[in-house]
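Chain IDs A, B, C and D follow the sequence of writing; residue 1 opens each chain.
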């Protein structure tokens, strides 16, 4: 008997069949709100220390319609864990193993694949060599191979060069590889346009390319469209993925929501409604993207909205729709007649929700430090910033 | 051996000692987003069908600092379950029993009390008699007595008369009784001012009075202040509680957030930040309120913010603060220098977060149907509203 | 031959007949934008130096429907002219004489009365005696008597005591006296409620009472309603006037728009549309106010909107309506078809105009120095504030 | 003796010397607010019927710093006057003559040039031939030659083809010709980019090219930058002009403010402050533009702000600055100490003014009919749109 039961059809099999694969939402932000992740370091040691919380969140996304249980391995590399104030002596390998087990356990409860992921490293930002950076990815990959993940994701890369290195490492496993950058239409931190990034990643061996995090859904879809156009123009073939923020970010520049003054503790007014998610899902589908999920800010109900929008194409609703009337239909059973009157699609499709914050603006001025890999300010160090350094900033 | 281990010190003992008792957040809304509660009926059958989800939410609030595990029994009366589309044949008693067991289980994991609660009934809105309405409360109370709850809460009442009936029933148990109305400074749906409501509830036997739901924190604190002033003026004694929304509602009229066009599916832009919660906790404390919690919209991190603000008074931080730097301090360990520069109180205390929605206003025009108990529109019925009825609305 | 031709029917005759008397708009702000008044001192020496500009503005208001040509004598007292940086040696008497001549000249061109006015003095703020303050008013009154004004207005008073003194002086002339305070529903700067202010002013001899400046139209109407209720409750009789700002001021406290951070050079986003003026005029009329005009921010087209709204009651349109289609009707002749589609009342009546300023909030936090007559900060001095003093502020 | 005294130095002489030439503001909108122009037809018959109002506005702009008195001849072609509900039998020639006389009279009072202008015609939109359209321009030019204008302006053209025709006609006079289109960075209504438009206009004979109306200042400056770059790239030489709206229009598409739902009667919240004008003037100057003025929405104080910002370059302040403290300096003489504290540049330079309209959004959704010359909807007709037609729209 083996705890590893592979879902019958793989990621590429599904995408080749033009099926919609729904991703999950953002674990780091969701678990921060639930009390298990520390904003700042953003590391995933909860996979070891609080497995019940991680398992529950996986289950909620599964119920909401996700076909991908992505192991909670964000920033789970030793170089990151070390330099981010971990007092528990938990290694990257321990986190990655525990995360894989949790993801696999829940994936087996439904029609979901299990994926392992790597993301950008402090080592790259600190100008370590290709060999050093690749060694970090390899260490993570070893766990993913041991745990027999269904496929691999290289995600949240700001620099295409580091993403290529990651893909090259992951490809060694022989498993399908998805590569996703945290960039918008303006391109990576060195100004490489999305299209060129995508071409390079496909050439490096990724079968799926796209973007995640940093920008709101429509902006991300826009960036993936640029990727798709460039890949096709280059005569290459790929599948496309998108896993955006659940925050409206019309005011961001190339660095995305990190630059917003509200990041990370005052983003609430920007959270997308479920109806915004319907628009996103449709837009992504129409753009030819078939791996459609979410990143920071996505809660289970956001993923459910994606699944509900695409139910006609997929032929079924997710389990959690038992607890949701399509387009607000269950409001028919609300106590107040004027709320019952809102049980209809056109009401919610056209709402312009107020912020309740009359002294706040609708857009912010993002910071624009313009520093990236290579600047001394970005050399990563193990110690927390001192009060003196913060004052200087 | 008994699974019921009572926390050593009761609610009144704590309040009499002038201790801060931190309530929990809103289960109905939080579990709706997680996929376990249906918006519209808003009933708590998940206590029976998905205990792991309810247990996990209890645990998150416990970690965040809650001293009260309120059994998930909102709207768990047979008249409500019947007329709200329940196809599963789950009785109110089953829900209440399961909810008590879950709350007790988690309460025992920390320093928390377990409370059972009743709330307003469709029967009252439909003009049933005092005897009939009281019989509904009695049926719920029977379970609470059987499960030996630590204290009782009558909450979410729009009409003081029904709240008095509830208090009178709950008092039969001999257990401490808290009574909380879902009203603002304008008073109950029949225009009874908060002060008069409070006096009547204290006279009916409630040892703790206050408000919950329907309005934002500062508005609720304002209403409780009016209650306190009136109770004191009447020469009576009571403790005070407040469990507001986590949504900004400056534009509401007397019916609260139910009237907002955004209710219930487009409230996102109104969600309070953790920093708003600091202000709330301080304001409530300064007003002499000692039972301070939350209602719809409160997530675990909101409760943690309350606990962090009041840590000096309480002498300790909640467990979940292990995963949170006070006032953003853990941002010292963020990758980007300009985010590290936000690791300070004055930054977050003074932020005016943008909505990212330039085409949305900051305030809405609430509906003002002005119907309440006695209007035919409010007679509750078992069937969902038909399309024809909705069109008429 | 005399240049003084009195309009056949006086102000009281009109008001007693329940006619609507339309006031003019704000000269100080309008002429500041045209380049003839200096913001800061706000003094009216342009009546002497640039009579053509003052005459033209009178004419525009006359064409727009005004029945009152108020001589441009705001702050035209010697104590004000002296301490506000006048380098020209123009006396108050010179200004008042020239202003009366201009107002009379234009009044004679239509159906308008000519009024002279006094307003609050630096002397009162500097705690000069009743005798001294009254002497200032008397000096102005002498000119008004000489110029045979049709009636007198004591306006823009923040303290009811000074307003009473002004009324007492003006009454000596035997001419009708209107008294208007720059207060809102919260009352005067010493906290005297609007109702009490009104009663005291009527007792002092004013036949018309009301408010002007400092607040937006609906707020001012609210304050005048309170005045009317109190005067009637006291068994007194009076007519009512209102001459509000043309700026939205929902965020003001008792001191009005002076406290807004945008005062006086960034008020543009708050300017009322002509459609807002329709609502104002109707609201004022319904409240029983019959002398309806404007103050700072009112341009001729705002007054025309008032006259157009009340055309059914008055039986005629103003002359300038030759150049205006009611409710946008002349857009029928616009080049673009989608603009022609806006030639209808419901379009303009329901518009929620955008600010075009996504980085600006909708409400401000007004200052709240809470200083008023008697505080040393408010002692008026002849010299401009020094850089050092400003830094201290 | 001749009433025509030509200002000693011509427009090209000034621009060739790299001097700043300040234009005037928007007569049509300013006089609409004053009651002399009808919104919809927007025709300038007031030059004949109310010369005092037109003269006064010229004088205000002259005092504010304008070096160009542009005769009030907007839409003063017979084809326009005829089809826009003129009941007075005033011909285009009469209007043009009267307007020239007024502009010359005021220009002679200061250091200003007098210009005659033509703009786009209903005939072009209705697909009349080049010969017919040119005949209209020629008829206007005949008056300008007779009145000996200092230079000619072809402005407010949405289609570069028609603008070229106008330039070709005006060139026949031998006078300097400026050509200004009402387009933004997206180009003309047929999609011709600004750069290409500029090159074509220079080739047609214009010595000065630029844009006016339809967009806010910074957008217009952007478009002129594109013109300048293209003209230089083509190896041509020209001077540049910009006369934008005084309304913020970040939400416009290619058709400009005409498409905004607020056009033309609810634009108030978008009006630029004087401080916004400082930024505009600096931006325009830095872009190498030397003919800097305004269009719809510009009031005299806006032009004064342009002149004040560029006073260091020009070496002098405009006359109307006698009535204005630079950067609010005259607030030193305000009554209230907290207003005196605003007498400083950094206060006004950094203000984010609130709208006072919490129920309004910050951006609108512009219409996008996408029709232009050639569509039947745009065939111009003499009759006003009927109610039936409006309903259909």
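By our rule, a contact is a pair of C-beta atoms (placed from the backbone, for glycine too) under 8 Å apart; a residue touches a chain by one contact, two chains touch by 3 or more.
Which protein is which chain? UniProt says A, B, C, D = Hcy-binding domain-containing protein.
Predicted model only: the values in this text are computed from it and were never measured.
Peer 1: Between A-D and B-D, which chain pair shares more contacting C-beta pairs?
Peer 2: B-D
Peer 1: If more than half of the interface residue numbers appear on both sides, call it same; otherwise different. Which is it for chain A and chain B?
Peer 2: same
Peer 1: Take the average of all CA coordinates in chain B, do the same for chain D, and state the distance between these two points in whole angstrom.
Peer 2: Inter-chain centre distance comes to 59 Å.
Peer 1: Which whole number of Å gives the spacing of the CA centres of chain A and chain B?
Peer 2: Once rounded, the distance between the two centres reads 32 Å.
Peer 1: So, what's the distance in Å between the C-alpha centres of chain D and chain A?
Peer 2: For chain A versus chain D, the centre distance works out to 50 Å.
Peer 1: Give the residues of chain D touching no fewer than two other chains, as numbers and ranges.
Peer 2: In chain D, 251, 352, 354, 358-364 touch at least two other chains.
Peer 1: Drawing the touching chains as a network, do you get a line, a ring, a star, a complete graph or other?
Peer 2: complete
Peer 1: Report the residues of chain A in contact with chain D in the complex, numbered from low to high.
Peer 2: Listed in rising order, the residues of chain A that touch chain D are 352, 354, 358-359, 361-363.
Peer 1: Taking the touch rule as given, give the residues of chain C at its contact with chain D in the complex, in rising order.
Peer 2: 32-42, 52-53, 56, 59-60, 63-64, 83-85, 122, 125, 216, 247-251, 258-275, 299-301, 304, 319-320, 322-325, 328-344, 348, 351-364, 367, 369, 371, 377-378, 380, 384-386, 389-390, 393
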